[in-house]
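What follows is chain A paired twice: with chain B in the first complex and chain C in the second.
This part shows the complex of A and B:
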């Protein structure tokens, strides 16, 4: 993340990067044509009125996790089951009002991770389909390998869609409540919460640092002062500056965490994260939960029995 | 003689739609020292960030006779020394020397010239012995002085300072006011410290809600308690 922020030591490359690709930073939104002001994080939550948004956060969280679990446990080659799972994801996308296009665009973010599965296509034994040399090696692409790769790709693509619908239709606060409700350790949930809170602060700090750097990135007013040199300094020097900035940011994050901790201690924090007792899940949401779980269970069972 | 800073009908809204500047016009003559005062969120910092093109609103800005544009950005950033409110934002290098050298190195000046400028800038702020120190471990007052040195090394014509005395103890504040008084450049100082304004800056611009509500001799404006009160300020 930091390496992305500090990609350029001079401001013009960074600003032009942001102009060309406004979401280049951490999904940050900087409108094209506008310089660095204050990075508005693209909070994935989209406030809409829909049955999916209204559904209890805990139910959504459990169903999303169960969906991802079902997708990963469905055996290789059970394509009809994948199709049915996709139809569930699609229904949730349409029902939530987010729209299929929105979810699919964001799901493209997961594509680079799928590349990790590419070796599968070459290492699975089976009918050779394509052979080509790569340096000293002879690579054989097998049909079975290709299918396995497609299988992994489909699994991660479906899982990411569920996560996107969950994050876009549930406020972060409700997600934390849901995690607490399913007995994820409180300390871990508290850490997620603090991270979410201070990520924004940290990014703001990085923006202020970059702004201060831009303000001093000028050119010599008398060209004779800098004979035969272009402004901007050498690459190594820029890298050193960027490194200094990253280090600075790290030191400040550590300092800030100390201050936050002291502020927590002075208000009585003793290492135990306490919270209000949560409200029971309303009966209607319970029914949705059980129907959803039963459906996913059936799909999984079908997959195991026929293709397992 | 050209004006150091000329701003005509400057308008700017933040990306969330909040209007920060709503048609601001003024000009500052070379060598003039001007205070920019007003309540929080009046648009003072936003205005300063326009002077060297960090923010780009609608309207015309000329610095040292050059209209601000993509082509003149580099020259204007060398001409306007911007000192930010939080010196920690300004000091991002490993040592004090590296920070003060940043501007000149970026401009591509030869090493001997850079060293000379760093020495002079640190001497001007009285921090010559701190060159090898790590900025992280300096006191607030020292950081502020070094933040000023980081722009002095670029030999700017204009100093734009955002809240220079905030967070300083009385002695550090006094030392800073003396230092600013000795520097000969054109100065635009955004501040809440009206005692410093009275002492140091003969002209005052009051900004409120993104508009200039008063612009005149400091002595005159500071004699008008009703005006000050109406814009969240207090008689010093």
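This part shows the complex of A and C:
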């Protein structure tokens, strides 16, 4: 039923996730030893017991950003450095218990964007490798071009792995604390927190709206199901219906925010956004942080000195 | 339009991080100063609603579908400064949690979607609303125009960032990104109009009135105009650059530029042969923008002067 609703291929990764696991929408799951929680298909956090999960969120956040920065700063052609960086990512994936397969599957969701780098393979001057005509143009694939393209793809692929490990092994609450620790303004962090708090509520609203739409209009997924007829009128009409639903969702959100505001007032809200005092980073995590940063710094230096 | 990590050079990523931080810091200050405490939960929940609203898709053709992006709608509903904060929240959480856009590239993505998207939306919406004198058709026309131009201009910015980073030559990136997003923008415009129609029917006070002259709105308006003009001039210029390849290669070596003497770079940029064609494209860009605005203003004035007589 739900897979019917998500017949289109639009916004990744929302829909891909839904298509992969539509049953996750069904909601509350009881797990032994844990309170009844609403496991939402959107939340990438995977509660596991692992050294990576246990590491302080602030340290993980800083290390992940430093890793992505190192990848970005590694010069073109420093393949051994990329290999070493990948080994770091792989060891984090294995240590975290998430599994390499899980991370790589999620990383594939971000891959379509490499289309944007494909012209590099054809426009970089160098040894011609393959020539073929495409319409009026004669395209020349060069070896250097291919390497440059591979370089961009590898950078992107390594970076997204770090981001996935961070998001899958850190609760959002800890990410918020990490953002406070790196001095992201309090109002903005409060915004992130509020958004996360109500995201699942509003996604459920959106899913209800879509369920109502498909219940009203019926769906013919293939032309063979209803020959000569397309579901739901013209394109503009379909867009307008979707727009009406968006307006409806916004209206419900605004009404809800009024109720939230009143609830906040009754709990003593005075317009000031407050956050809990943060605990100092434990010494063990501090050591991990410095070792990690030193390692990344060494890799960066090596890349710059040998290939820069 | 969410650029992942690896596609922007470090320098470009950092430049846009700094620009976004400056813009966002200003927006946060304005939001904190001008708006009531009621806005805090409103902005948070609206950000969640935009995220959830992006799931409301409609099939276009052959398995593809369109969906809302939301910068224009947020700008129309809560005004420019809170909309910057709302869109920043949406785009940041998408990057941080869902890997929709990279972390290092987040600065550029914020700049395109939160700052450019909102400023251009506000500029188009506020101008057209004022010109149409609060007529109800004006609401929908301005909503459509604001949504379309926010998507289109933001995609030009993304294309130029990719070109600056040496990832995609400008003469490919600009037409490709611009072309695709000109179509996506139509979908965004239609959905935005649908949402406005729903709100107009149910809660006219939320969208019916012409936008109150928001404090500092003039600044956003000017910023939107500036960005729209700059990008519509820069993009054809960049893509018409006859030596796009060398230009890109030079951008690729942007970091080395500090080491190479500056005069090595300059001759390639200001060759007289190049600047003629470049000048022509610049003029064409300015002319095109002026013509569009001329038509809009003329239509609005005709409409306005026609009304009392009728």
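The rule is simple: the second predicted complex is superposed on the first by the 213 of 308 C-alpha atoms of A that agree within 3 Å, B and C clash if a C-alpha of one lies under 4 Å from a C-alpha of the other, contacts with A are read in each partner's own complex, and residues count from 1 in each chain.
Here, a contact is a pair of C-beta atoms (placed from the backbone, for glycine too) under 8 Å apart; a residue touches a chain by one contact, two chains touch by 3 or more.
Everything quoted here is computed from the prediction, not taken from an experiment.
In the superposed model, A:130 makes contact with neither chain B nor chain C. Look at A:256: by the touch rule set out above, it reaches chain C but stays clear of chain B. By the document's definition of touching, of the two partners only chain C reaches A:65; chain B does not.
Of the two partner chains, neither chain B nor chain C is touched by A:294.
More residues of chain A are touched by C (comparison of chain B with chain C). In the superposition on chain A, A:158 contacts chain C only, with no contact to chain B. When the shared chain is aligned, no partner comes close enough to touch A:182: not chain B, not chain C. In the superposition on chain A, A:209 makes contact with both chain B and chain C. When the shared chain is aligned, chain B and chain C each come close enough to touch A:241.
Shared interface residues of chain A, touching chain B in one complex and chain C in the other, are 10, 12, 205, 209, 232, 240-241, 244-245, 247-248, 251-252. Only residues 2-10, 13, 24-25, 28, 31-32, 36-38, 40-49, 51-61, 63-68, 73, 77, 85-86, 88-90, 92-93, 95-100, 102-104, 162, 167-169, 172-173, 187, 190-199, 202-203, 206, 244-245, 248-249, 252 of chain C touch chain A when the two sit together in their complex.
Those residues of chain A lying in contact with chain C across their complex are 7-15, 42-44, 64-65, 68-69, 71-73, 76, 106-107, 109-110, 113, 116-117, 119-120, 123-125, 152-160, 163-164, 167, 172, 175, 185, 187-188, 190-199, 201-203, 205-207, 209-210, 232, 235-236, 238-254, 256-257, 260-261, 264, 269-271, 273.
By the touch criterion stated above, chain A contacts chain B in their complex at residues 10, 12, 29-31, 34-38, 40, 205, 208-209, 211-221, 225-227, 229-233, 237, 240-241, 244-245, 247-248, 251-252. Against chain A, the residues of chain B that register as touching in their complex are 14-16, 49, 52-56, 73-80, 82, 84, 86, 88-94, 98, 102-103, 105-110, 113, 136, 150-151, 154.
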